[in-house]
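Chain lettering (A, B, C and D) follows the sequence in which the chains are written, and residue indices restart at 1 in each chain.
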Amino acid sequence: MANFASDNTAPVHPKVMQALIDANSGNVPAYGHDPITEKLQETVRMTFGAPQARAFPVFNGSACNGLALARMIRPYESILAHRQSHINNDECGLPEFFTGGKIIGLEGDHAKLTIASIGDLIETTLGHAPHTSRPKVISLTQSTELGTVYALDELNALTAFAKAHGLYVHMDGARLANAVASLGCAPADVVAGVDILSFGGTKNGAMLAEAAIILNPDLIEDFAYIHKRAGQLPSKARYVSAQLQALLDNDLWLDLGRHANAMASALREGLIDRAGVGLLHPVEANELFLTLPKATADRLFARGHRFYNWPAEGPDAYRLVTSFATSEDDVKIFLDDC
Amino acid sequence: MANFASDNTAPVHPKVMQALIDANSGNVPAYGHDPITEKLQETVRMTFGAPQARAFPVFNGSACNGLALARMIRPYESILAHRQSHINNDECGLPEFFTGGKIIGLEGDHAKLTIASIGDLIETTLGHAPHTSRPKVISLTQSTELGTVYALDELNALTAFAKAHGLYVHMDGARLANAVASLGCAPADVVAGVDILSFGGTKNGAMLAEAAIILNPDLIEDFAYIHKRAGQLPSKARYVSAQLQALLDNDLWLDLGRHANAMASALREGLIDRAGVGLLHPVEANELFLTLPKATADRLFARGHRFYNWPAEGPDAYRLVTSFATSEDDVKIFLDDC
Amino acid sequence: MANFASDNTAPVHPKVMQALIDANSGNVPAYGHDPITEKLQETVRMTFGAPQARAFPVFNGSACNGLALARMIRPYESILAHRQSHINNDECGLPEFFTGGKIIGLEGDHAKLTIASIGDLIETTLGHAPHTSRPKVISLTQSTELGTVYALDELNALTAFAKAHGLYVHMDGARLANAVASLGCAPADVVAGVDILSFGGTKNGAMLAEAAIILNPDLIEDFAYIHKRAGQLPSKARYVSAQLQALLDNDLWLDLGRHANAMASALREGLIDRAGVGLLHPVEANELFLTLPKATADRLFARGHRFYNWPAEGPDAYRLVTSFATSEDDVKIFLDDC
Amino acid sequence: MANFASDNTAPVHPKVMQALIDANSGNVPAYGHDPITEKLQETVRMTFGAPQARAFPVFNGSACNGLALARMIRPYESILAHRQSHINNDECGLPEFFTGGKIIGLEGDHAKLTIASIGDLIETTLGHAPHTSRPKVISLTQSTELGTVYALDELNALTAFAKAHGLYVHMDGARLANAVASLGCAPADVVAGVDILSFGGTKNGAMLAEAAIILNPDLIEDFAYIHKRAGQLPSKARYVSAQLQALLDNDLWLDLGRHANAMASALREGLIDRAGVGLLHPVEANELFLTLPKATADRLFARGHRFYNWPAEGPDAYRLVTSFATSEDDVKIFLDDC
């Protein structure tokens, strides 16, 4: 039976587990002053072509986004994000808690922000100071909450617009590997113009490891305080850093992202022409949003396949998520049962 | 060279690492709905003789305290804690952040709260409502920040006082194993009258694993929201729970605490009669606070031993912390170099 | 030249000023323990037919809403309000600051919430706990941000729905007088089913005086702490209470609301049939939202009339607000210049 | 019967009331864009010899302190204040709420901070980053919470120390008039080196009026947002500004402060030599803290005099506060009844 419920139902990739075992010897300084966390800095800088970047390992993606945003705004400022973004809907108010500020949920097809919607918002807001929270950061999710991927030219246009308007750019990269694999570009290309990247590991083979990667060196100052005060500074940081290092070594993270994407494409291929199946969004990463005939969905659930009904996309909508651990057999079994 | 800098410079205990390896197979539901987290509930209930308790796995001790306190107070209420407690001094304001409330730092010998100091505070506060934050919870650290341990009768008196005054009791058990091992009592005895326990794993052989153990069942409601909103709900929760389960299995946690305590006692024995050495607090758990002749300290540092100067206890004060991983050799080598 | 910029550009009504003068003698206890604030309690209870109600005088309408909402939700809960409501757009994040929670902005014609939009939101939210802030209160603005008024049957349906779903009801009554005057009902009718009312004085002839009127007696407990902690407990409370008392005496507040409404109607009558004028929303209280030919608007501004362009309603949209101080001459002069 | 309970039990000074009456005509722009608030800027700059200062009128002294501090610190920073200061004890956690930061309560005779206590704190804190909130501002209360006054050389030493250590200086001037009157200096002298002054009006003859006076022009930026978001931006700001203007005109505020001080001195003179009376702190402004024989206190209460028992200063301690409205008769009557 196949599990397409989420990419965080998957186990830990063997190379990540091996890295944890390898890290487990002797005393090292706590709180990130260990050799593994030091080495991670170099790896991150190389990976993203950002010689002044600094990575802060954290436990959790929700928190990673919150920390990044807390560094970028003051409580009277706002975050411009897609209405359907994870930070707006799925973190129980964590970004508002960590920042004190407000998320403005904007519209846009396939969960992508557009310059038009941002521009309108800024227009109506700025004349209204100080009665309206001041826009300060654009938060982009790459790949998006609906399994689509911003093209590089879309990203470049958005980051250029942000710079022109004095806005920071945050990228929620919980599924960045899937986006980079999908685009076939260099990691540096996808973060050009981004000030802080939430780099996701947990959904892509790690046990529990994310990193706030500060690409804009002006934002490194004081981040350590924000990190600590929110309970996201690991005392035994080596064990978080080791997971991230294992993913970045030899581009394992991209191999895993590519595999997950391929499994999503295979599902798409197998489903697209069936009666009653409708694709709700392009499948550009590792997620499918589609309508299924109720009888089909019921049969799949009854046979033990796991995935979610997705009412936010309509009563007959469902979501399937693949991961590094999805096998061709999983896909085949599922399609056979459809 | 010995490392007495802190118990979180130590590696992960082999049994904890093995538990992680064992947990690493197949897809399981995320966010704590997995079999390992389910089983942990039973183990915790048995360990603490609390059939209605519920354990919420979290990443980090600072956060664990913050979550517990956030469940117990409203933002206009206060937390009564020792002036030298970790929550008051060493968490960069996290407890205030998570709760919105205020910590009132009280005095007391050897970092222990007394009924007298709490009573005085309540007396002067209550007539002054609503101008003063209302006291709502007593937070006890067991073992304390200065390596001492509350005796059971001290605990019973404090929890009885709390109940009589409508106050909750929180126990910061980052080093609970050391306290229980020191007292030689049942775990249930040490948490009698406690409403929420911050159960520490990371300082006692885990990789990164703590649990907010809700002993007062009235406080379980809504805790899941607090847990999530603060970025402490692990998506792959099985890997946090497995660490805690490994520690609780066959009382491994107490064995490790007992060992660390024994190493601290051995250090104390070897140091106590030396010229210029003065013990600042009774050594009842795994920490020593003492004065050393500057020449001795300098020599030890020069030879590569690691421990901290501790200016809060005076200019010549030092702290030594032992852990499960401290060996008799570590102690011997250190004493030889003294 | 007429000033239709806002009802808070107006001065203080003479009877309110006289009440302040009358209140100004002798020492009285501070912080609301004075005879004027005591008497206000009785007046509020009579006015709203709520024998257990309690009124807390505050300085400011934004704060009044924030305090009310802070009493009703915990930080992991949400407030359901119209997307165009004042609390969502015009308070620089104050409600989120005071509550820690999240505002969910819902759609609805003419700035009115509907059961349908609320029901949809609850549906998609509840299955997603604890990842989504839990809906806990419906906040209604009466009269609305766009100058419309909820009919009593609309209110009754919404409050019944709220009770059925365990939600509190907050009413932002910054312009309640206009709504009650418009409906021609008893004040008690308009707050039936409301848990806390933000009662507005400042926009209706007061100097600076609002009151959080707790109609649901369960919510009185601890409100004093919220009141104090937010800097909204007046030390010389008599001077805030005296303003509110003056408004409530002999229904002055309703007379003033009626007058402002009549002036808005007169503007509407004088404008409705002109070429290029389009009414954007029904004029049911003291605000008009309309499109004007640019030449007309420019001429009016050039002649010194004051009112706002209102881009949120479109590029040619304008807002006119009348108040107790608007005279028939103001209307005539303005219409003559159109 | 005399009322020495507090200076906020007093009424409004006639000149302040007259200013409100004078302000009450016509429409003016809201939110501080009115001529009275404009004029106040000039008056404040002249009064304090600060040509770049800007005054933000607010409703309430607790909030004024909170706003000032919120402008100066980030949530991971701390405020160094006297343990017995108003911001630490009497605002139900408002400063922590508004700032997100932590107050560190320091010791010092007669409620005055000393360089020694601040220096010690900084010493032990700085090496401990990011585990301890970073000290960022010294908050001085002038006159102090115990009726004493910092001499100019004490102030100069503290502000110089602050500058040398990169700390801002906040002055809680709820009773600044009493301090300036006591020192007989120019207002500019007492705020030399201060970054933001909380200027108090309410305790000194106003109805409800304080101002956050930003003396350091770097801190003006963004203050408007903090002001608004906390519910302290008066929509009809002219009525707050008019009160402050009335106090500053012809140094009325200093006359009132001088009078209150004189009444406190007269009380001191009349009490000092009586049996059983002990002065707890020097009487340098308008407050006396003293011990009284219980029989005397009981007799005074029985005869209707109002003042507070002050348990924080000991079981037999009492506080007497004089104000602009205290008459020589009040003093005489009280002393006669002693």
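Going forward, a residue touches a chain if its C-beta (ideal position, glycine included) is under 8 Å from a C-beta of that chain, and two chains touch if they have at least 3 such contacts.
All values reported here derive from a predicted model rather than from experimental measurement.
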Chain C reached from chain B - shortest hop count over touching chains: 1
Selected interface, A-B versus A-D, where C-beta contact pairs are more numerous: A-B
Whole-Å gap separating chain B and chain D, where each centre is the average of the chain's CA atoms: 41
Inter-centroid spacing, chain B versus chain A (mean Cα positions, whole Å): 33
Averaged-CA centre spacing for the pair chain D and chain A, given as whole angstrom: 49
Where chain A touches two or more other chains, by residue: 75-76, 91-93, 97, 100, 130-131, 133, 225, 228-229, 233
List of chain A residues in touch with chain C within their complex: 75-76, 78, 89-93, 96-97, 100-102, 105, 123-124, 127-128, 130-133, 311-312
Touching residues (chain side chain C, partner chain B) in the complex: 74-77, 100, 129-131, 133-134, 222, 224-229, 233
Contact footprint of chain B on chain A as seen in their complex: 3, 5-6, 8-12, 17, 20-21, 24-30, 59-63, 66, 91-94, 97-98, 202-203, 207-208, 225, 228-236, 239-240, 306, 325
